[in-house]
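As structure tokens, here come the structures.
Presented sequentially are two complexes of chain A, the first with chain B as partner and the second with chain C.
After this line comes the complex of A and B, so read on.
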């Protein structure tokens, strides 16, 4: 095979990196992200993303070069990184020059003067050379990073990621710390600025992680072995302590975080709940249900119609009485909808259920059924849950008075959602180890073999589908009381896609994976207003990248991990 | 084989249930139709209008459906992002069409003014589809079925929101072509010019595609690959290249459909591909997925059903504002066809073959 010239290869890689950077600019990310700092007065998020692109480009070019000319040609590799970084910057510079002559904004809305200012560091066209230089240096850094010994690479990566993480969530941490009292407030203000970490904070975070990481690699192994050698009781205590700590944080967080973040956490809890439900259908049984939102809607409307004190309320019963009914109705709907479609092949099932979801939304929002479901105006005035005795219903538009504690705030509903999620997690955990759970997984792996082994396909699939539906119904019920009103327009396909994505990111069939996925996909974008504009773009990208690189997810179940490794081993054997 | 009583009961319930659905659907159609026809609130001219609109609409669906059907025929994969490829074509054409309209070119040469945006849209859509195939689908060939489907869903969202980023969430008004305003009299019935032109254009595109697939070397290779990839490779066909050209060809059709759709509806936005995409998939399944003439028939049937359905079946049942449920008719058809005849009207060549 002809060996490619490494310089030409680096130029190509650099141009690819430049195109990605240009894409990031043109979708408007750079400008939006520039309103936020990573390190105050030093680097904004927008600059960080562009520089990270250059660094990655340099890193990749260097890696490719080591394959072309050999591992130990350091100078070649550094040159490659430099050239690739430079090309990334050159692409952006060419864009700026072109934008100076032609009105690119006539087509691409985000080619604004603001963007040109960011790319030229507010120097106008004369500053166009700055970016290629910085970008080349970044590429060089990326290439140099690869030349470092492994022992140095790891702490640096961890420290950078940690610093980035701390900066992204500076809003959250700052509020939590400030709410702890004046001493903490001082620390918070020292570490965090308005929209990012301060330079001092950045240094502290960075070196703290480097030191911890170095220490860990030095002593970590002995800690691990001493934990492994603990007696059984000791291990259990350790595990219980860890659970208690997580539980304490999870339960206490909404109390200290203020209403906005509490709202976010409730949403996350709600999606964990639904993720656990769909995890049974998709993760265990392998049925891709894109109509999940239909059952969510059914649960929400059931609670809405049964408890609402608005014009569409039917029964005015309490939330606690309505929830089991909602779950049962959703389950029954799962039975009715699932019975016919479950004979349909896997990918057709996804589309058929998508059709269902859309039909339910269209019917609920139509004028035809408006006298029952409120049409586009929705069902409003949903009773909040009440711990205590509810006064009887008086008249329309007057909520029933609660003698006791009314769970009106998002923080309160959070505990309801967490309790429900724990219940579902327990059910899912027990089911997975059961005969039924193993039957589901057999179906997921191969329907024909499962049937041959005596698994009744329809019955088993139907159970998975109904349980998933029931849990979606529960999620919808809690959603209804959380928001206090339901609209058909909020029952979009996107809800199903959200849940599917979080399961896939976390790892199909894995229960902790659902939690990780929900925090990553639902929590992060809600907390980062800047990111939330691009969340579906990032979702789409995440789905593709996960499928390409880690189809088993970030936190795979043991079984999935085993299976995938087994597959790898067998394909290697074939070769 | 030993089957328990419970299992037999379940089978009985399932088949009873399926029959129940069949009877329900047929009775809705029959009772609704009778109800509507007895009130006689629509003249025959209005019915013809509905049908003509349905044919125009359906020929657009058919054009999109070709892409679904061809890709499915070769890869056994639902290209969920195909509807968004359609959207990219419409956007590509919008900017060219606006520019040509503003310079007065379209008024001077209406034929070229229609043709240039279509060609441009086909190019853009094909390029993007090839990129999507290269990045999101090719590495996943041979993976379990759900994996490429999820990747395709990801690609769909990525395209939608990338375009939202580029061009904003608002709606763009597609420039009208003056020569296509008004209507022509055909057999004494006035029919909108746009609908006639769109239908004819769609049919010409389909004829071109059919010609390519049936009578050119590439087309022959495509058919060979869809029969059997390995054997085709042994016969000296570059399978990857053929798969890419299948994607490109299907996408070009979708891009052209994007322009035609914009001519009818006059507005475009980043989310416009979703509903037509699902409907075109319905059309593809309706005609038998993997079957090219089937996709054309399926598109026309779906278009006409959707166009006359609300007035014919639903209004007679006393449903207010039945046109709101137009999409629901299409989705119901989708579910029903997947339930009762997944091989479609013209039959699928690949029913038993499992990828």
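After this line comes the complex of A and C, so read on.
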């Protein structure tokens, strides 16, 4: 790159960054996010996102000058960042000025007075210069960051991300801490405000992470080696301790988090359950099933019809008796739906199953079958599970009172879901190592070869499909009792897409990946109500970024990790 | 009675008439080679024998029984294994897992262990790399793996589709030596090759396939001496 060119290049990068910032504004994100704070009274989430855009633009522009050599190199790089950041701000400022003259809102609904207020820091058109200045400084910071040594970059990045994370979920942490007792309450209020972290909290979080990160890069390697050199028993103890800690948090969280968060956690658990099911069909056997929600619906309706006291209840049997029936019905449905379509390959299978999902939803909600499934009104009055000694497993005609412990609250159902998820994770893990599991993977890799080796394709695929269906049915069954009513309208295609996405994000074929994926894609957006409006935009972005930078997923199976990153040293030369 | 007889087989891809009534016989213990240029129908012939394609006309008899009544996944139980074109190893499974899949048709775990031992003796290279993912193996190693995987099923007839494809000359030599070695243990081999010279040097008999038809069939030695073959497939003038 020639020297004269680098400024022009920075301007271009800056305008691109500005366009992205403008896009964020015009889809309404900035305004919605401004209702949340990152650091109370200091910076809102909306401002943070815009500044982060400027910082990133400055950083990228600065990196683009990397071919430049000479004594003024650092200066050039800083200039590049400054210019790019400035341009980002200028684009937004021009937008504000234009908005002052013409009614942009006629086209872009989100170009509200509120947005102009945010962009001018409440000063009106006279404050239009503030944003470019701040942006320029941000761009400069981004460029300066690149000049830092690696050893400093890492702790700063980690600390910033951690602070951001803490701020995003301040509501959750605050509630959890407050419920721990009065001493904790004080700590909670010191660290977290109503809508973000406090200034004091921000400083504490930031520097704590910096210190830990520096310490770790200094001593971390020796800690790792000493763990690696622990005797077998010691390693096992360590691992058990880690599991116990995770288990303690996972089981205790809904008790201290309050009903809203408990509800979110149950939803996550249900998606983990479905993810584990689809992981068999998609992750192990490679069958892209986009109609997964159909089996979820079938499981839910089966439990609904068998246990409801409402007008459509057929039998008032107990939840526990209804669940296995629901699973079997879902499995049978998997057989019936799978048989005709499993002969088709790849993309066609995705389309065919997608169709099935829609058909099931439309049938369940149709007036035609309304006398069985309640049509749009759905099935209501579904029983809660009851832990009672005398819980009868047969039909009884009168509404029954639970003479034991009724699992009525979302927190209670959570444990049912966790138990089911554990069971399924175990089954999936055993299946994976079995002869059947191998056959699935062989089919995923190469159908023809698998067939020539003696794998009965239809039978083996059908089993994968039916087991996936069974697990979705179980998820639906628990969903039915959790909500207490089911409506066809909640059985949308998007549920299937969510499950597929969480498997991709977590890591195809990986069981822990399903858990991580469900937390990341289902849990986090539910907790951030501000974000939920832009959920699918963020989904799409996450998926694209994942595909580009981490195609094996967040927590990949060992095989995928090795394949995509060549951890295992490849062979020397030919042979 | 011959081990395998392909009789007047016609195979189609939709409307494309890929095999136009071919006849092939293979005696027990032989290495028979099928040579021909690109698109001649060699792969189609192997896929027809192994049941992945069904001929629209004609018959395939193996050990006195028609194979046409069996599905593709049942053929391996009859003692016919295939080393597919382009190796077709399961890239995301390890070497050991690939070999285990090869023994999918065996009911006895003991046999699987023995066969794996045999394969490792034949290809010590695979033993060194047994926990490596097949996709990360070199071309030569993948060919060994594909061959080993086919042997895991204890075949009496082994169908090999262009095992020399894309390999360096040294490796080609090695692979062909192994094929002879396998044959000496009593496995009958149908070897499909474009590398006619190498194939004819180890085979007993050969067939020349051209646009879906067998044009010449003779002993390997006679084929090597045949001027037409020399001109078209051995690169001699």
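Criterion: the second predicted complex is superposed on the first by the 544 of 575 C-alpha atoms of A that agree within 3 Å, B and C clash if a C-alpha of one lies under 4 Å from a C-alpha of the other, contacts with A are read in each partner's own complex, and residues count from 1 in each chain.
Going forward, a residue touches a chain if its C-beta (ideal position, glycine included) is under 8 Å from a C-beta of that chain, and two chains touch if they have at least 3 such contacts.
Only a predicted model underlies this, so the values are computations on that prediction, with no experimental measurement involved.
Of the two partner chains placed around the shared chain by superposition, chain C is the only one that A:438 touches, whereas chain B remains out of contact. Look at A:350: by the touch rule set out above, it reaches chain B but stays clear of chain C. Using the contact criterion defined above for the overlaid structures, shared-chain residue A:543 touches chain B, although it does not reach chain C. In the superposition on chain A, contact is made by A:456 with both chain B and chain C. Using the contact criterion defined above for the overlaid structures, shared-chain residue A:246 touches neither chain B nor chain C, since it reaches no partner.
Of the two partner chains, chain B is the only one that A:363 touches; chain C does not reach it.
Residues 456 of chain A contact both chain B in one complex and chain C in the other. Only residues 23, 26-29, 107-110, 286, 288, 339-341, 343-348, 350-352, 354-356, 358-359, 362-363, 365-368, 456, 458-459, 493, 497, 500, 504, 534, 536-537, 539-544, 547-548, 551 of chain A touch chain B when the two sit together in their complex.
Per the touch definition, chain B reaches chain A in the complex via residues 6-7, 10-11, 13-14, 17-18, 21, 77-78, 95, 135-136, 139-140, 143, 145-151, 153-162, 164-168, 274, 278, 281, 285, 319-322, 324-325, 327-328, 331-332, 334-335, 338-339, 342. Interface of chain C with chain A (complex): residues 50, 52, 71-77, 81-82, 84, 88, 90-94, 97, 100-102, 104-105, 125, 129, 132-133, 135-141, 149, 153, 167-168, 170-171. For chain A in complex with chain C, the residues that touch the partner chain are 435, 438-439, 441-442, 444-446, 448-457, 559-560, 562-563, 566, 568, 570-571, 573-575.
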